[in-house]
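Submitted below is the structure of interest, expressed as structure tokens.
Going in written order, the chains are labelled A, B, C and D, and every chain counts its residues from 1.
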Amino acid sequence: MKIGILTGGGDCPGLNAVIRAVVRKGIFHYNDQFVGFLEGWRGVQENMMRPLDMEAVAGILPRGGTILRSSRTNPAKKERGLEQCIENLNNNGIEALVVLGGDDTQSVSQKLFEGGVKVVAVPKTIDNDLSGTDFCFGFDTAVMIATEAIDRVHTTAEAHNRVIVVEVMGRDSGWIAIYSGIAGGADVILIPERPFDIDDVADVLKHRHDRGRFFSVVVVAEGAKMARGTGSGSLVTETDQVDDFGHVRLGGIGNMLAREIEQRTGFETRAVVLGHIQRGGSPTAFDRMLATRYGVGAIDLVHEGKFGNMVVLRGNAIQSIPIIEAISKTSYVSQELIDVALSLQDRRGEERGGLKAAPHQR
Amino acid sequence: MKIGILTGGGDCPGLNAVIRAVVRKGIFHYNDQFVGFLEGWRGVQENMMRPLDMEAVAGILPRGGTILRSSRTNPAKKERGLEQCIENLNNNGIEALVVLGGDDTQSVSQKLFEGGVKVVAVPKTIDNDLSGTDFCFGFDTAVMIATEAIDRVHTTAEAHNRVIVVEVMGRDSGWIAIYSGIAGGADVILIPERPFDIDDVADVLKHRHDRGRFFSVVVVAEGAKMARGTGSGSLVTETDQVDDFGHVRLGGIGNMLAREIEQRTGFETRAVVLGHIQRGGSPTAFDRMLATRYGVGAIDLVHEGKFGNMVVLRGNAIQSIPIIEAISKTSYVSQELIDVALSLQDRRGEERGGLKAAPHQR
Amino acid sequence: MKIGILTGGGDCPGLNAVIRAVVRKGIFHYNDQFVGFLEGWRGVQENMMRPLDMEAVAGILPRGGTILRSSRTNPAKKERGLEQCIENLNNNGIEALVVLGGDDTQSVSQKLFEGGVKVVAVPKTIDNDLSGTDFCFGFDTAVMIATEAIDRVHTTAEAHNRVIVVEVMGRDSGWIAIYSGIAGGADVILIPERPFDIDDVADVLKHRHDRGRFFSVVVVAEGAKMARGTGSGSLVTETDQVDDFGHVRLGGIGNMLAREIEQRTGFETRAVVLGHIQRGGSPTAFDRMLATRYGVGAIDLVHEGKFGNMVVLRGNAIQSIPIIEAISKTSYVSQELIDVALSLQDRRGEERGGLKAAPHQR
Amino acid sequence: MKIGILTGGGDCPGLNAVIRAVVRKGIFHYNDQFVGFLEGWRGVQENMMRPLDMEAVAGILPRGGTILRSSRTNPAKKERGLEQCIENLNNNGIEALVVLGGDDTQSVSQKLFEGGVKVVAVPKTIDNDLSGTDFCFGFDTAVMIATEAIDRVHTTAEAHNRVIVVEVMGRDSGWIAIYSGIAGGADVILIPERPFDIDDVADVLKHRHDRGRFFSVVVVAEGAKMARGTGSGSLVTETDQVDDFGHVRLGGIGNMLAREIEQRTGFETRAVVLGHIQRGGSPTAFDRMLATRYGVGAIDLVHEGKFGNMVVLRGNAIQSIPIIEAISKTSYVSQELIDVALSLQDRRGEERGGLKAAPHQR
């Protein structure tokens, strides 16, 4: 078969490992031919492509980014965009399409599938919040980078009796924050799933200080929000600022939180915003394995004729579900993990009336 | 409650993270008191212990090894060993025991449990071959270290047109080999589950060479074996050598394999034996999270009165099973992973009559 | 002898390695006794101290931060501060003092030395800009972390056809920027030593784009400045904002530069501000070696009676100079390194009239 | 100019960084054209080459190995080998040659230079033992890898009350051993420069054990030797075994030493042989910087007409010396570093009559 591949949306460590697995198994076992469309759906719409043979995928397993580049182009939002895609696929003799991407990218896959295109999907979200799959590649790498950063700031926080706030990725869900926060031994973890009370955060830190621990580390997901009717009000206004500059917001949650904590506790507080380093570089072994299994699973789906489906990880098994199920809802941090985070936190303050509730338990 | 903790058998990155989680949740939520027995069962038998308070577990989350040290002492193999343990536990007022260890260590837990001791178990095996749980902490760290080593030897193998054999841990099962082999893009992976034919290995490497890839990386588990009746008889004799020196055998499988490959292919071949660096150092974020969840699960089991049980990971959930179920059999590499490894391998040689079967498919 | 040790100013990977070397050689070879003053000069002024024996320094070699903690307390700025220090040193029977710190900390060392205290100094500046010594420990670690971050953003910049600006430490000098920029293959490097013209920066990036390289990485030292009379006046105003929040400025140079580049080139541009992760965590082997040599050198100076001196690295030799020489001026990036950075940059644009000068050559 | 480049001898992290710097500065500043000869001198002798343009060197800065591959082919040892090289260089219009290599490779450079070829040399030795230059690229990376391994075995040695012997590279000189040993906090360091007495080694370890430190780490260079007339005699015989298999000797010094230590002390002892992982993978920032400076220096030498010279690092300056000076003798570990290592070792045993001399001071 002649098969197209593309990568859409934000890049993720492991995309190249998926591409390599699809191409190797396709060539070795199914005698397929491959074409890579460049820059996501833009490549399909504008006929930008390159052949993908064994040579093209040699040595790419450990590399971050994507050799096909990516973009957020969405043909469904352009007039005749989808028709254009279908025409180009036909003109190029593409018999099936393997699409690596998240919600937005796969919504196009679904529409093209409904339009008759033979599409197979591979889930991609560094935030790990795509419903239907337990883990996405790239997530473990992001957690590793965030955990290393938390390890690093621990020593400097301790040396200076400081609070350090580490802002990690996670717009709608707190997977990276809760994983790296627990793995890094953070004292407070704030996630979008649980709007926080800034006064409670300050109380936890003061309580810890009273116990003789003069430094603290706070991990906050970029999408964490303050509960309405709590704290200083002014903070709410600031978080509502529209971010007209992109992913790393000027005056994002991390810096604001540091300021508010310093005001409320009097402890010297600093913020670190990890930003783009979380999504670059070589994937972890875990992510390379997961990406490879997804790639093998995807090319198998093609040859089993299971179009309109997405490979997913359930427990330890690679399975498949209809694309439409995957893109319908967000996956949130489980209650068990939230409980684990709370378990490790000193809540004895409650009895003393100091701490009314753990900060992310609201 | 007054609770004892011990770590037995070979050390694993994540032991300290388990200890910390048990102690923190125990103190914060259950008002427990903790005693650490030193050097595994030896500490129980010889009354070697230290108090474990908040201070004792501060800062140990990212550290390899175990603050309680370990040993392979097995009281069941000494006269009155078990009775001695029970007496000491009683004399010290220990109401429950949390035991971190593998097969051998937990067989003692089971016997003490049958003798009336309130024991809860946490699985530990860096080889990941303990039945009943999907993953053990330490495994991901070992895979990460092995994968980094494979990445490193790739560049030097390529620079010199060499074959490099990397020997990784795995006496009875090939989990580390298959994970690091797939993640590192190894050309051949040899695991204990599938005795190999040395001539087939040589054929795969020669076939790859014929395709213009002048270097190769072979990953072999320390316990991999050659199928009887294949290859050069002499190798069988050598692998049968009793290893009287311990884990890193003089003249182990890695060095032998390198010699045999060089003889059969004429390609310059070198071996690297990773040995003890695979089990030391700071655990990965994945392992710290898993270890922390095990620790929280174990102290919960104690307070739920579920003695004689072991915390396990099933899919993504922390559950528990009777200790006796866990220690009865070994967990082997799944067929799906073996298929993934084979998927990525060039098997087109078969049609040419060169390669009768992929090397680990026997 | 009874000897005091303290660490002042911002923390640096390697401080613990120095402390360990001083204490080990002192105890093993000179039969010294050690006291650690806590939180820099504050500990001397307020009599906060702890004994430093072999046990206290065991295992600290690979750890970031400082077991003595640090502060920016300057007794010379408090009434009777210096007298207080001298009294406390005398009352505690301290015969000599080993001081680890930068300009500000060592200016107190110098004053106390002039007041009769037997002081020996160890240079410390993560920015590597202390005159008199070729390298300070901590610098190599900071460069390593910055280079890893640059490696990571490279793959994501390439995947998305983006410009990514990485802001690294360096208030007065560009050592970290030039080292990590060259090591990470940055396309533009901006340092405090050479005020830049924002239009030139944009031209370099556009020129690179014209050559078919659709992504770029810009490394900027936090203290880099725009030349007066160039670019968009507004930027000058913004950089002039007083930073009332501390080291990681809201709206620092990195974010501003990203905005200005995007405006001028139309290329999607993002910023990453590394901040505190550059000074935390385990020191590199290079820094541990340098710190250990400094520690050995410092305790030797004490026993040679060379007070008022600082250990320094000249070429590959550990030597000593009067403290007063070291604190008098800043060390700037050498012309050779600036030339190396320029060497690797495509300047052929000049002939085409596009690029009048390399951006940091003004 | 039309310039050839080649890399000879064992590979080293940083070779690609040198190639990139030579080519970039050559193209951007001197308008040169480049050809890469493959597999060292073999490529020159057998006319194996590839063009080196900007595209060829894009993205290679952080990569280990060498894009030109390497070999130990020495044309001077083949009949008419040198003549053949000169003919091929002339036939291909090569006006100058930049040669990256160590002693053996550069001895050919010198002979060709004497035969009229315009050669410029870049030093390469991962062991750091090339006379004339203070540091070679690749060395810092090897030290980093060895130090990480020592860090890792520390935690497992401590958990099990073990001695662990780490064998690192260094045939004739102990640079890697002394650097990684000091940086990793090894308890004994054995280098080729100082033949050791095995009984002294055992005494140091027993003395440490008596002080209550139940684990130890020994770092040994692969070329370390036992002093004649000391120890068990049998060891001498074994170390004399000819290694017919290459770099990682079966039964090398590491494993033997472990066995001898266990016999003499009764402490459980294990060996780890790092081998080829020390020379692979991405170079450290330090090595990338040094390699880049060498590359820039080399192409400058070409255009200054300083043929027959090698770029070297003296203190912090890139300079040049005649090739013939560089290849005439080995550089050994300095007395200062040996003293630093001894400084940190507990020698108080001497007074007790136990330890007559530190182990590597014989």
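Structural remarks
We take it that a residue touches a chain if its C-beta (ideal position, glycine included) is under 8 Å from a C-beta of that chain, and two chains touch if they have at least 3 such contacts.
Because the structure is a prediction, the values reported are computed rather than measured.
Look at the CA centroids: the one farthest from the centroid of chain B belongs to C. Look at where the CA atoms of chain A average out and do the same for chain D: the two points lie 41 Å apart.
Work out the mean CA point of chain A and of chain B, and you get 30 Å between them.
Note on chain placement: the centre of chain B and the centre of chain D lie 33 Å apart, centres being C-alpha means. In chain B, the positions touching at least two other chains are 151.
By the definition of touch given earlier, these chain pairs are in contact: A-B, A-C, B-D, C-D. Taken together, the chain B residues at the contact with chain D in this complex read 7, 10-11, 13, 15, 39, 63-66, 69-71, 145, 148-149, 151-161, 164, 245-248, 250-251, 255, 258-259, 268, 270-277, 279-281.
Residues 21, 24-25, 28-29, 58, 61-62, 134, 140, 143-144, 146-147, 151, 179-180, 182-185, 211, 213, 282, 284-286, 288-289, 292-293, 296, 314-318, 334, 336, 339-340, 343-348 of chain C are the ones touching chain D in the complex.
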